[in-house]
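What follows is a pair of complexes built around chain A, which joins chain B in one and chain C in the other.
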Partner chain A sequence: MAVYKQTYKGYSGTRTTPWLRFFILSRYSYARLFQSKFLVLFLAACMFYPLGCAIFIYLSHNIPLLTALRLQSGGMPPIDGAFFNVYCVVQGGLAFLLTVLVGPSLVAPDLANGGMSLYLSRPFSRTQYVAGKMTILLLLLSLITWIPGMLLFLIKAGCAGWDWTRVHAWLAGSIVLGLWIWIVVLSLIALALSAWVKWKVAAGALILGVFFAGAGFGAAINNVTGTHYGAFIDLMKVVRTVWSDLFRNSSAADLSLTQAWTVLGVTCGLCLWLLAKRIRAFEVVK
Partner chain B sequence: MQTVVELAKLSVCFGKREILTDLSVELSGRTIGLLGPNGAGKSTLILTLLGFYPVKRGSAQVLGHDIRRHTKQVRTLVGYMPENDSFIADMTAVSFVRMMGELSGLPAESALERAHEVLFYVGLGEARYRKLGTYSVGMKQMAKLAQAIVHGPRLLILDEPTNGLDPSARRRMLRLIGDIRDSGQMHVLLCSHLLRDVEETCEEVLILKQGRIVHYANLAQQRSVNQRFVEIETSDDHASLAEALTEIGCKCTTGGNGRLKMVLPEDFDLRQIYRVAAEQDLPLRRLNYRRDTLEDIFLAAMEA
Partner chain C sequence: MMKLWCRQIVSVVRLEMKKTFFCKRGLWVYLLAFAPVVLYMVNSVHITRQRRHLAQIGAEHPVSQAAFNNIKTGLSRENVVAKLGEPYWQRTRYHHGSDGRKRSFVLYKYTDGKNDFMYHFEDDKLTWINRRDPEKLAESQLIFATSFQFYFLRLAVFFGCVGIFVNLFRGEMLDKSLHFYMLTPMRREVLLAGKYFAGLLATVVIFTSSTALQWWAMLWQFERPVIVEFLAGPGPTQFAAYLGVTALACVGYGSIFLAVGLIFRNPVIPAAVVLLWESANPFLPPLLKKTSMIYYLQSLCPVTAAPDKNMPPLINLLISPTEPAATLAAVTCIVLLTLLVLVLASRVARKLEINYGTD
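Entry: the complex of A and B
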């Protein structure tokens, strides 16, 4: 029978495992995202700094090559907590830019087009929806942050030997934990703002605003009041305080470590609350 | 016959306002129409059945599953076509329907196969690789229908499926609904303002008004009963005529403006009506066969 003459047929085949279905959203989103050449180029550009770091680590252990290049190994900075702290700041900044690029297109179009009722009328929960959308950012940001960071650590461990690895094993934990915190905060903020404003462009502007306006207002509050309370709304400063502690760097931060963790916790909580409010199949107009 | 929807004193509130009040009914038809004026609570009832709104009192079951305790099972068995624009603009129809199939639990390969099948079925076969954002209103309605049936649900909930459709598209949509009904593989719950759509497709009708059930009618049963319905129009008061016709076995109801509706007994000779009218010296202006239309039922329910 020709396909256009088909009558309705039911489905009686197998069904997939419910708890894995949130990956479906991620899969389709990746397919759409990677159609953008700009995003692919940006991702490639994000690898330049880790690549430079890898070359640096290799060079610092290759005495014959250093001699050939007339460089002294003693004059090169050590590969320690400070080195990886700088790595986190650079790649963390790029992760932020990637979030501004990708984040707004995650939830806003679904809300603007009324797609939420289609997702949630299926055996698919709001938590799975958020998890699916968040996985997109978590994996993308991981690709340019802690994964290359861990590769750098392994390259260093391979070059420096067991003694260095044993003494500096804490660095691996700091890289993973420090960057995961940043990734989670960025992802939650991007999703919450994307869900709140429903408009992609406005959501992108708002994500930028939260960080840059936060830093600006924070500095203004500090100057006007002569206190350090402005640092509470400067998320870049907050996360740097946490990184400094994780990488055992001394910093003249405006915030204590407890305050920094509290601000991050409150930010995540606020984002989850916003998501719980906005990710609904239908809004009840009171 | 399996009960499709069973409501037992179901009440739903938004804040302090009660939207649905003490709804109790058992619906088991192949196609069920949900009627009511704006704000009657039709969409709220549908969304409550899907588990979107919390139940304040009472209970509801869909295909034997409690909507509160087995929400996921209910959603697995149900296909929902929303009233408003609901799509993902930058996806092609085939990707969209496939994704919706996968979210309903179909494996990726089966979902792709089914997406092609249902898009051909609803008449979007040639346009299935176009982005949904470029579709006309009628095509979007068809795409919404395709996503609702891709996973082979046992109950299809259609909220105003003919909204915004031109006459030919409306006819095509109704033909599809009829075809789905006749396939015998799923029940259809149709919510619409358009009485003709409901009358053409539905076997059972539930009429809501201000959050309460005001009428339930089994149209299929009424159609299948071998009864003759007649409406006559007289020039004068017909109370005595109705009385006389009742005496010879007719069931009469007055319809106003000199109109009298009646159900005739079996083997009834129509000439008897003329004879009774002549005896009472009442001229008959019109006599025609006519059963209550859904519009009559609806208007009577609204006036009640």
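Entry: the complex of A and C
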């Protein structure tokens, strides 16, 4: 066809259903992310602890093996709220590291290279853009957090029987809710900081800084003032307070449950505000 | 030749000065460095005001020390009020117990002008007494040492060095301006040295001034004779030691993150690894402890930090106590490590190729 004939023509092919369009971004991002061998190795390493837990649950119900090892099933640590609370702390920490690895490269390159207008000039809203980018993290983090957690619960339920499952059904809800809260907070922080600094290296350092320096400065506030106000900026402590309550694990916390939920709510609100401010189809260059 | 290299290094430092001190990308470093100063200032102002407030209450409603000594748990609320008078602050709360009975919890505060006494009554019976004495200089020194070692060195100086030193090369890549340096008739090693000294100057100025201001803000709450006595004794040595440790931390971490910025396209992963390694230092066996920078820096600190009271006992058991390194050995190790890293970084810099498209 002659070049002069190739003028603008509206797209006439089939369109993706509007409510599924956000998934296009996730699909392409996964294809790019899984090219990284380091990420795949890290994901595999994240499965070691759940695997260990699964083996432990299986062994604690294997009476012949326990007898051979001269152990009693009653002498083994119980599989209860405290067990799954520790699981959440370990996998939550790994989820944080995975966020530091993946999160910064989600929004920053689009903003830095002026790609936002290309996305938003299509029938694709800002909400869909954020949902698409967030889905990448939510699915990846789910893979190493609540999905193996639920598998552990099911293994235990299978070994212990219906009575245990009925009495401890609340644990399943706590695993899903507790870890979903954490992965939503992590995803929002990663997207907001990635959008804010526009440089993926700085965004990664900032995510690390928000958690580590926040915890450190919080401890310094507590140390200098002799109060517990520092716990408000220590997001890991905040989420641990929520987990302790969800898993009915009594521990002396610096924060009350209401305060912990308020801090999480304020953090999510702040991240959404930052995203609404930065994710725009235009940019004023000074 | 040496003269020319020195002149070139000075030129690079001069060019980098504005970028390291006032770069928009690095302004958060100031927040990280000076946040503890604000914290100490706020605390000192609060304590000074509280002290004045207690002295005023003590003068208006004088209560003898003997009267306070006579108060024991088990006394009724009326008895306490009869002996000490009305409290200057009180709070009453009611809770329903498990048996459905309404219980009262009352908190009374008294002062003798210096100390604060808190009396807690349950159903009008005194159940516990809390006496809060004014903060002593020794306590403040311990608090300073803990904050300095656990927040300032491990996190503020660490992240500050990440921000400034990684930016020296990686930032130029991002701004697509590194080729200007590469086109000048200057050895790569000289460029690296110039950039390192520029970063070092910035971090040392920012973080040592923060340390000095923290020290000043910490001492501000005390009365003049206490400060004079302290400064006539161990004060200046401690102050110099803290400044020296801060500068050495910048020297050591700076070299590591300069190399990281040169070698890795994404310096966050190695920075996270170094951070985890440094954080895990208390739990490492003695030999491995000596491979981390924080071990030598903590050895040089004049006051040993208090252990974390909130640490679970099981984790506390994992901490392996190790003798601190001798001053000379600690300084030598940090300097040697820095030189080694800089030599390796200069070898990498010689083969450095620009690829602006990847960041």
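The working rule: the second predicted complex is superposed on the first by the 271 of 286 C-alpha atoms of A that agree within 3 Å, B and C clash if a C-alpha of one lies under 4 Å from a C-alpha of the other, contacts with A are read in each partner's own complex, and residues count from 1 in each chain.
As a working rule, a contact is a pair of C-beta atoms (placed from the backbone, for glycine too) under 8 Å apart; a residue touches a chain by one contact, two chains touch by 3 or more.
Note that this is a predicted model, so its numbers are computed, not measured.
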{"item": "Contacts of A:Y8 with chain B and chain C, given as first, second, both or neither", "value": "first"}
{"item": "First (chain B), second (chain C), both or neither touched by A:R32", "value": "first"}
{"item": "Contact breadth on chain A, by residue count: chain C or chain B", "value": "B"}
{"item": "Partner chain in contact with A:G115 - chain B first, chain C second, else both or neither", "value": "first"}
{"item": "Which superposed partner A:W162 touches (first chain B, second chain C, both, neither)", "value": "neither"}
{"item": "Touching partner for A:R21 - first (chain B), second (chain C), both, neither", "value": "first"}
{"item": "Of all residues in chain B, those that touch chain A in their complex", "value": "14-15, 47, 50, 52-53, 72-73, 75-76, 78, 80, 82, 84-91, 95, 99-100, 102-107, 110, 114, 116-117, 120-121, 125, 147, 149, 151-152, 179-180, 183, 185-186"}
{"item": "Touch list for chain C against partner chain A, complex", "value": "25, 28, 32, 35-36, 39-40, 42-43, 46, 143, 146-147, 150-152, 154-156, 159, 162-163, 166, 170, 174, 266-269, 271-272, 275, 279, 308, 359"}
{"item": "List of chain A residues in touch with chain C within their complex", "value": "38, 97, 100-101, 104, 197, 199-202, 204-206, 208-209, 212-213, 216-217, 219-221, 223-225"}
{"item": "Chain A residues touching chain B - in the complex, by the definition given at the top", "value": "3-4, 6-16, 18, 21, 24-25, 28, 31-32, 109-110, 113-115, 117-125, 280-282, 284, 286"}
